[in-house]
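Notes for the one structure printed next.
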Amino acid sequence: MFKRPKRCVVTLLCLVLCLTLGISAALAAEQAKTVKLGWIGSLTGDQAVWGQCELNTVKMLAEELNDAGGLLGAKIEVIGYDTRGDAMEAVNCVRRLTGQDKVVCIIGPNASGQAIPISSILEEMKVPDIATVATNPKVTVVDGKTKPFNFRVCFIDPYQGAVAAGFAFDVLGLRKAAVLYDVADDYSQGLTEFFVKTFTEKGGTVVAKEAFKFGDTDFRPQLSKIKAANPDLIFMPYFFKEVALSSNQARELGIKCTLMGGDGWPSEVLIEMAKEAIEGSYVVNHLDFDDPDVMDFKARYIKKYNRQVELNGFLAHDAFLMFVDAVKRANSFDPVAIKNALETTNVKGITGTIRIDKDTHNPEGKEAAIIKIVDGNYIFQQKYAP
Amino acid sequence: MTQFLQQMINGLSIGSVYALMAVGYSLVYSIMNFSNFAHGGVIMLGAYFGFYFLAVFKWPFAFAFFGAALGSTVLAVLLERVAYKPLRMRNAPFLYFIISAMGASILIENFVIATIGPTFKTYPQVLSREPFQIAALFIGRLDTMIFITSAVCLALLVYFIDFTKVGKAIRATAFNARVSALMGINTDMIIILVFAVGGFLAGVAGVLFGMKYTVYPQIGAVTIKSFIAAVFGGLGSLPGAVIGSVILGLLETLISGYFSSQFRDLISFSLLIIILVLRPIGLMGKPSEEKA
Amino acid sequence: MDILAISDLTKTFGGLTAVENVSFRVQEGSISGLIGPNGAGKTTIFNLITGIYKVTRGEITFGGHSIHDLEPHAIANMGITRTFQNIRLFKRLSVYSNILTACHGNASYSVVDSVLKSRRFRTEEKRLREDAVSLMEILGLAEWQNHIAHSLPYGLQRRLEIARALAVKPKLLLLDEPAAGMNPDETQQLMHHICRIRDEFSCTVFVIEHRMDLIMGICENIVVLNFGKKLTEGPPEEIQSDPQVIEAYLGKEARISA
Amino acid sequence: MDWFYVKGILILSGINLMAVLGLSLLTGFTGLFSFGHAGFMAIGAYAAAFIGVNLGLPLIVSLLAGGLVAGIISLFIGRLTLKLKGDYFCIATLGFGEAIRLVLDNVQVFGGARGWPGIPIRIDLWNVVLINLAGIAFMISLVNSRHGRNMIAIREEELAAKTIGIDTFKYKMISLFTSAVYAGIAGGLVGYYTGFLQPKMFGMTKSTELTIIVIFGGIGSVSGSVLGALLLTALPELLRAFALWRLVAYGVAVIFIMISRPEGLMGGKEITFKGILRAIGFGHKHSKAREV
């Protein structure tokens, strides 16, 4: 069939190359009167659940905005690239978005590991980025220096860890905590560190601190050890798949204490997978799911995609809001003007009021919502700030 | 003491899941002499088959279970036809088989992400989550079922390989494919058969895995552990795969239970490497001095 | 003068004894043969001499040095090399590369030399290439030099394997069934080559062969093995008429009818 | 295409190429299969960043030092595992790669799993290209010397290599050491290019990717590795428009190349200046490329 395989391969590759070039050229010609908004994040790999939801959200909001007449008279076109959860890919995506696609602003990525390395590219090309759930403090500030083009819409690890510890100690009155965390995950390590710090500072004791590694599905060895330490509370700062598995296994082992988690928890899938196990647990969240604005957005999303909204969707929603607000105030699509406007953001999003601090580029004073799981529903308890 | 016994139970149940997966690797290895890295992908698809049959088509459990096993049987054979047979025909070195297998596993995983989506799927509850309780020990119902299913599957497999005519042909081919072919054994059929059996086991493992944990496109990554267990037990040896898996399961459990869960994998890997250095063919591998 | 002395050599695999208490000597500069029915342990002895198998019991000395604890490559560097029953060439390399690779022992430049292309690298590499070319010429492989090893006809592959072994400049060359699969013409040629090799390279040749015409034609001394034990040893004429040997090869009945 | 973006791809290809060149020596020329090369990259990355940031040494010195640290660690690993055969060696390297990552996840001095931001960015296209040219030149000299030929002999027929006096263990060590140094330097480039290091960057996917590039480019060919690194780094970028399906296409491409052209793009051949001259009309087609 292939008498000259080498030539075949080369021809094939050339074809692909030409095709891609052609398509991008054609697209560029067609969309002369639109403004491009970039998105990056994981569409494949183990973070794909969150990434796909973010991109869907941003695309939906852009469509709605365009149908309503666009932004400053221009249509918004969303260009989303997959990072596979890989830092180097993220750098490539941003190079492509800023260099070739000439986007005015980027939303994402959904992890600190990708948000940190892209900052030098952003600075070089002078395009701002609004990270969705990159919660590591160093995304925006490194060694006391604020990165000029990095922003975020979520609160940071120290804050979330402190909220969880404070709420457990002060409100729930629990004194003995155990932590199970994912040693290979930056988010999980961050929350653990600050939870332990705050909890012990307040006078509580951390009776067990056990780790697992991303990809593990069985946590019973660690849980058996935790059980022997007899804690009042297990803090589980990781994502809902592992939460579902570990909480089920904890109950299987006869552990009856309260479970608590961070913003990696909220998902319909968690309820589906571990309804009984997580009954009565507390979650530190960005928002109250019963808020009418949230309900409205959720309904629109489900109608369009026939899928549940993951937490990242809400943050992507607010990141988009921040972008629109900044463009309006800057009255321009110039990336630097948008960046300057972002620094003085003060909008009400569905995850609370977002007031960007000029010195940290973080949303300051954003209260966390404490949510309790009752009868398989996420029930809002109170706003809480440590 | 209670905690120790509980940890042993935990270890056994983790080990029996590894064992079901590891046997598939070992079986294929014994015939083809390469590690079929796409096995994890087949397990994953088996889990999805089970999920769809049970949760979407609402088949009765037994049907869904066998349906999934058959589905992955077909898939494993298809995989062999497409990705390995052309290499086999050319006597390609084992490196190419491994790369082809890697390509296949990338393909399968991302195909699932692109079509079904990356979200985790949950099996409907077939067995109650309420554990058996003996004194202060808790034994999950599902664990018991997995343990029994693994034992039955492996016993059947051993019977099949050791006591049937076809099994004999498989062993002969594993021992020396060329001579077996000369003796009138249709090695091509044997290879199909081995992949089919491996696929069937993968399907069983997938469904059980899905029931116990959940279904998602990256299950393949978990199977690396079972591959390690197979190597540890001695590649190509079925009892080795089972023993290796159980030991790995117990080892992991005891290390995280009594030593350090942070460094669990580091310690268990180091132990495995030490054992391999002392016994380079794994626990049950056949000792062989290279023929000249 | 004996170049190789084997005494009370035993090798067991698990419970199976492949070679049992075998002793014999090979004289320097001779062409000697090792014969015996299939499964008699001939190749095992070669594997023991070249260090591929570890000796269970007994001793092997080469030029007065005990070698049975050495690694195969160390034994090769002392001057023993071999060919294999089932040819083991560097299959995907050319004839020239096969030989050139084997010449490596005659150079001593380091990795750094090769990267810096030092004078030492250049002179030694040149010498290696000349060695390889002259070997190809001697063994009549020059016209095949750019052919890939596994594409050569069978006889030439055997010859190439011998050429590769000679590149090591051995004192003792072990040939494992060099004539297997050859027609009488090729066998004749091979016998001629073996004699020439012994003379021109002044090495000792020790050969396993089933083809009696070859063994009887060129060997000065023959060792006969049966079931892992040494049956007898002696010059060709003696071996030819030894009833034990005939029995071992043809069975008891043949002896009676003879 | 925009130069800024193309430059990014080229830098990334260059970084990959450095690691691939090293792995090519180990896998392509010596026939050893490693699943842990990302582990060496990680060591090199952290060591180079540590040396550069804390001791303030110039880029090239930091990179070489990083490579050397990776190389030295590879000697320990090799000492233990190089006597293992085929898949057993694979598993040992896989275990090593994962173990390194686990250690880095726990070392809080380097930020643990949360990563290490703020490494000065010192990599641009020109120095990547220079480093790669040096790497290629070194590699070509090595494989065309007796040392390289000895490694190829091990790949082709280990037993025969021993009987012509090649100390196979020593040469495997040299090969592993050299390839670890290359991987270490590549790791150093990663750190100085992204300004950020995180153990996650050096997972098994990375090791797999490197191996696939080596095989894709062609076993035993330096120019194949160069071509492979350029093409396979660029391919997913070209396929970006296909979003979810691009990794499916990647998997298909890998299988396809294995079954249709298993010798890889170059298949043991090298592109040489002379070869190019002949190809454009100064010679017959058989001598288009030179045998190594």
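To keep things simple, chains are lettered A, B, C and D as they appear, and every chain counts its residues starting from 1.
In this text, a contact is a pair of C-beta atoms (placed from the backbone, for glycine too) under 8 Å apart; a residue touches a chain by one contact, two chains touch by 3 or more.
This is a predicted model, so every value here is computed, not measured.
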item	value
Of A-B and B-D, whichever chain pair has more C-beta contact pairs	B-D
Per-chain Cα centre nearest the global Cα centre, belonging to chain	D
Maximum centroid distance from chain D, chain identifier (CA atoms)	C
Inter-centroid spacing, chain B versus chain A (mean Cα positions, whole Å)	35
Computed distance of Cα centres, chain C from chain B, in Å	45
Rounded Å distance between chain B and chain D, as computed from the means of their C-alpha atoms	31
Rounded Å distance, chain A centre to chain C centre (Cα mean)	69
For chain A, residues that touch 2 or more chains besides their own	44, 183, 213
Sites on chain B at which at least two other chains make contact	110, 113, 262, 265, 290, 292
Numbers and ranges of chain C residues touching at least 2 other chains	50, 52, 84
Sites on chain C touched by chain D in the complex	50-52, 71-74, 76-77, 81-82, 84, 88-94, 97, 100-105, 107, 109, 111, 113-115, 117, 121, 125, 128, 146, 148, 164-165, 167-168
Contact set on chain A toward chain B in their complex	44-46, 48-49, 52, 183, 210-213, 215, 217-218, 220-222, 224-225, 227-228, 241, 244-245, 248, 251-254, 269, 272-273, 276-277, 307
Chain A - residues contacting chain D, complex	2, 5-6, 9, 13, 16-17, 20-21, 23-24, 43-44, 80-82, 84-88, 91-92, 95-96, 98-100, 112-113, 116-117, 119-121, 125, 136, 138, 142-143, 182-186, 188-190, 213
Residues of chain B touching chain D in the complex	29, 34-35, 82-83, 86-87, 90, 92, 94-96, 98-100, 102-111, 113-114, 224, 227-228, 231-232, 235, 262-263, 265-266, 269-270, 272-273, 276-277, 280-282, 290, 292
Complex contact set, residues of chain D against chain B	27, 31, 33, 80-81, 83-88, 90-92, 94-96, 98-99, 102-103, 106, 159, 204, 208, 211-212, 215, 219, 244-245, 247-248, 250-255, 258-260, 262
